[in-house]
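Chains: A, B, C, D, E and F, in written order; residue numbering restarts at 1 for each.
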């Protein structure tokens, strides 16, 4: 097992493309998106009921190396500032296919 | 104004299911339509409305009245956001004003459909190509909304809006946002395949239509009722706006409809297009291009006030206006 | 008892798809209906059944036989949970006994529908207003279940049930839980809009009906087969109960039906309502109001034993009983 | 080759919606069909195709031509993967070659349906039991794919393939994978219930069919266009293969069809079965049984090249070949 | 970046309203709900197949300040005890829109 | 509250049965599965668009005791090696129904 970082982002799916492009730019090309989550955020109750409005919230998880975190955050921050949404970083241990 | 008109408008299943949805929220039932089912219904309705409109356009041909109607529709979708912007601006910042203005310049397809059921019930004829007008009223409103932001949001807080408008982004959102794209694309396919295509898809886009609409309105009732809580925060100004803008816009629309000699049936549909506000295409576009605006404001006023107002009061009211305005014509 | 009856009941597509679903699990196929699709089908079935019933109620009017039938139905949904509770209590704790009892007091709409297809196939007439009876059997069973908990679960482990019943919560769950609300609401809308509403929604709620039912039963087969594993843990007592309660309840129901002079067709539907157990509305209600009970017990017995029993053996059996009981009547 | 044939094939709504989906991706519209909706449509299409085929099989009976056709179909689904494997092996490793070969030995139900619409439009008759051939071409191709891996992937990197084939797993995936199971199961149920079952489900499996297909093809257009990017990485060899294999396989199929004296309509369907490649059942099976192969390769070539090729060029081309080959027969 | 806590809860969606009300009471008004997850829990296989029964399991994530954790847990615990479901707390770093 | 571990796995749903059987074997019988997530992984863009192909990616979360981690990882590693997919381990605090 080997130390790694989990990046979690929550944002309107409409903003997603920009965030994912940001990840890509930071060299993170593997990630998982959970669509159609329900979110209550800073912009009042049901910032994103989604449904009828074609807006919906997405939850993105990307595991990366500890070194990638800093530059990724630099890239994501202005997007989050402009469009809203949140981003959190935490520690994990990666289970590699080959024992280490 | 004939009260039985109001009733007959309300006593049809889709509309009643809208109220059932609202009731569910008020009595705290846990009824809900899980995502992404509502999105499936939205996609279906856009496809069905567009396709049907395209087939009817193929039948009627792109004649002079069709072009005139479309031009009038585009005109209204440009005019409405401009004038409403200045009214909204008296109380709200430029971002929110522009986003709400764009919302009201655009249209609600479900309101349009309810109005056509109303006409069916009264056996008043109308032209299928009115859907083409509907399809072309989304994009201009979005563009005007963004130009308004550009012109009037200089130097505001968060106002890094001194950078030039990114027209690529704007046109992208105005013309290629998923809902607009599907609606216009289906219209084109309907137009291209005409009667033969209609034959293939009729059981799906026609026979299922009111059923899906019923489900969709049940969900809209649920959402609208939840949104009403949002509105309590926004205060009385926006609620007032959401109640007054529709009849004003409808009346402007009717005068224009009268001027270009639309039939009474077409005039009602035109009025409803002017009176209704978008909660599908425009919010998605605004979220991306005017992220400074608060979605609660533009979504909730369109969905929780203007939509039910048009359904309950608006449609019969505009019909009553038509009875007055077109009278001279008929006699 | 005519064996060809059994076969003709089984050889219709929805029922066969139920068995296909079970087979898929037994042979370890990875076939599955992803969530929330099954929920969409549930919502559709509740809406369609309710609406259709409402329209038929509007047609028949609320006559004396209708009221008598509804009273009998409510009576059975009160009686069944009470007597079954005491049987269950011999082996299970008060929480689980009450939850299972409520489940069997309530109904399974899909079993009801299968019985009406069976009658259609035999060309035996029945009244559409039987759906009203169906709609009104969910809530009383839930309420009785909770009263039983209150009365008999004192001083049990986890038994902080000395606090008074929270009637607001109970009535909320009994009458406003999503499934009950949609079913009853659709019934009312069907009643209000009558033939005209029917005309609008028929292609959706009628023509699509057996197709959606087919899909739903495919999924039920998948779930029922998975649930059978659960049952192995619960032991033979509950399985026995789930097999014996249906014919006993059906027979009680038939005697009552005979007493109030229902037609043979209506009597079969009534028997099926008594014999079937809820796996939609009641589990949700019990989960919230009797959280101490184990959902595996009440869901699995209703879904994996009683449901298939009624479909395969029950319906033709009850029909056979009717042939005997109503004979005197007919001669 | 009559160009109007090509056009008439393309100018029907489902096919046009496929192109609309592709266009959406090319112009970067955000249109999308959220999961699991596409899976619902897949399940629907499998159920509907299978059921319809079963009913038609019940009507025709299992006659000698039926058996002959099925044997020919199975033959082709064994032959195609074997010979294509050796071609693919010249450039790709044994795992990827076997997986792609299996993909092309199997079939695409949607291509089959498009071909039958094409025949309908030309008023050329064909037999419903061709669906039985379709249903039976998935499993053999999967099995052959695995045998090829076993025989030729010895001693490769990651090649712990010296262990014996796990036949239980292989047969499981070949016959009981969800898609195959539902298709074959529905076929059997259709066969068992025949006309009476058809009567029950027709509004669902027939009337809705082209509507659901339209939505499904819209989604396939979206996916195919996204997959085209994948292909740029795979290089020109695989793209060439995906373009040349279909007409070659179709021609082989036509020669066989001619030999067993299929009607021209049936021959076209048979050719399309041979020419098309699986993107539903086989990828799921390969993912589990040949995990060493890269799914991008077999999915993208089947979906983004072969499928549109067959729809646009293939179907009219094979029809043209039939006109030539069957000419002698007709004169 | 700034330390924060992740609260994760898994429960029947029918219980969700009570948990969310609990969060609200503890001053946490921003959260994300993932519906229709599939759960195997303490109450036997498939405590919540969901589907046919209208029961389904929901997964709730709420990021909050380290100070909010204690009081929130006090509020949630009796609900979890009564209705079942699980709750876990872990450490994350929040990426703020403005660099800190 | 009590220390525990979060196991996260992301894999094709077709591989899921094998992973879940692995968990079971390691004595972990409680877990939560999120279906239909969208994944970009090592095998190129959209390793699992899912949709049309009946393939989809699933995201599995299982909370377990710190002691269970080692043996579970041993069991999962060959499955992940053979079929792909990722696995990560991280620290959490479990909120027990009863205060501790």
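The working rule: a contact is a pair of C-beta atoms (placed from the backbone, for glycine too) under 8 Å apart; a residue touches a chain by one contact, two chains touch by 3 or more.
Bear in mind that the values here come from a model prediction, so they are computed numbers and not experimental data.
Contacts with subunit A and subunit C are shared by B, D, E, F. Steps from subunit A to subunit D, taking the shortest chain of touch contacts, total 1.
The minimum number of touch steps linking subunit B to subunit D comes to 1.
For chain pairs A-B and C-F, the one joined by more C-beta pairs in contact is A-B.
For the two copies, subunit E and subunit F, the CA superposition rotation is 120 degrees, given to the nearest 5. Subunit A and subunit F have Cα centroids lying 19 Å from one another.
Separating the CA-averaged centres of subunit B and subunit E is a span of 37 Å.
If you average the Cα atoms of subunit B and of subunit C, the two centres end up 42 Å apart. Across the assembly, subunit F contributes residues 14, 34-36, 38, 56, 90-91 that each touch 2 or more other chains. Each of the following residues of subunit C touches two or more other chains: 30, 33-36, 39, 178, 203, 207-208, 284. The set of touching chain pairs reads A-B, A-D, A-E, A-F, B-C, B-D, B-E, C-D, C-E, C-F, D-F, E-F, using the touch definition from the header. The part of subunit F that touches subunit A in the complex is made up of residues 8, 10, 34, 36-42, 57, 59, 73, 76-77, 80-81, 86-91. For subunit A in complex with subunit B, the touching residues are 12, 14-15, 35-36, 38, 43-56, 82-84.
Touching subunit A in their complex are the following residues of subunit D: 30, 34-35. The part of subunit C that touches subunit B in the complex is made up of residues 35-36, 39-40, 43-44, 47, 51, 172, 176-178, 181-182, 185-186, 189-190, 192-193, 196-197, 200-201, 203-205, 207-208, 284. Against subunit B, the residues of subunit E that register as touching in their complex are 14, 17, 35-36, 56.
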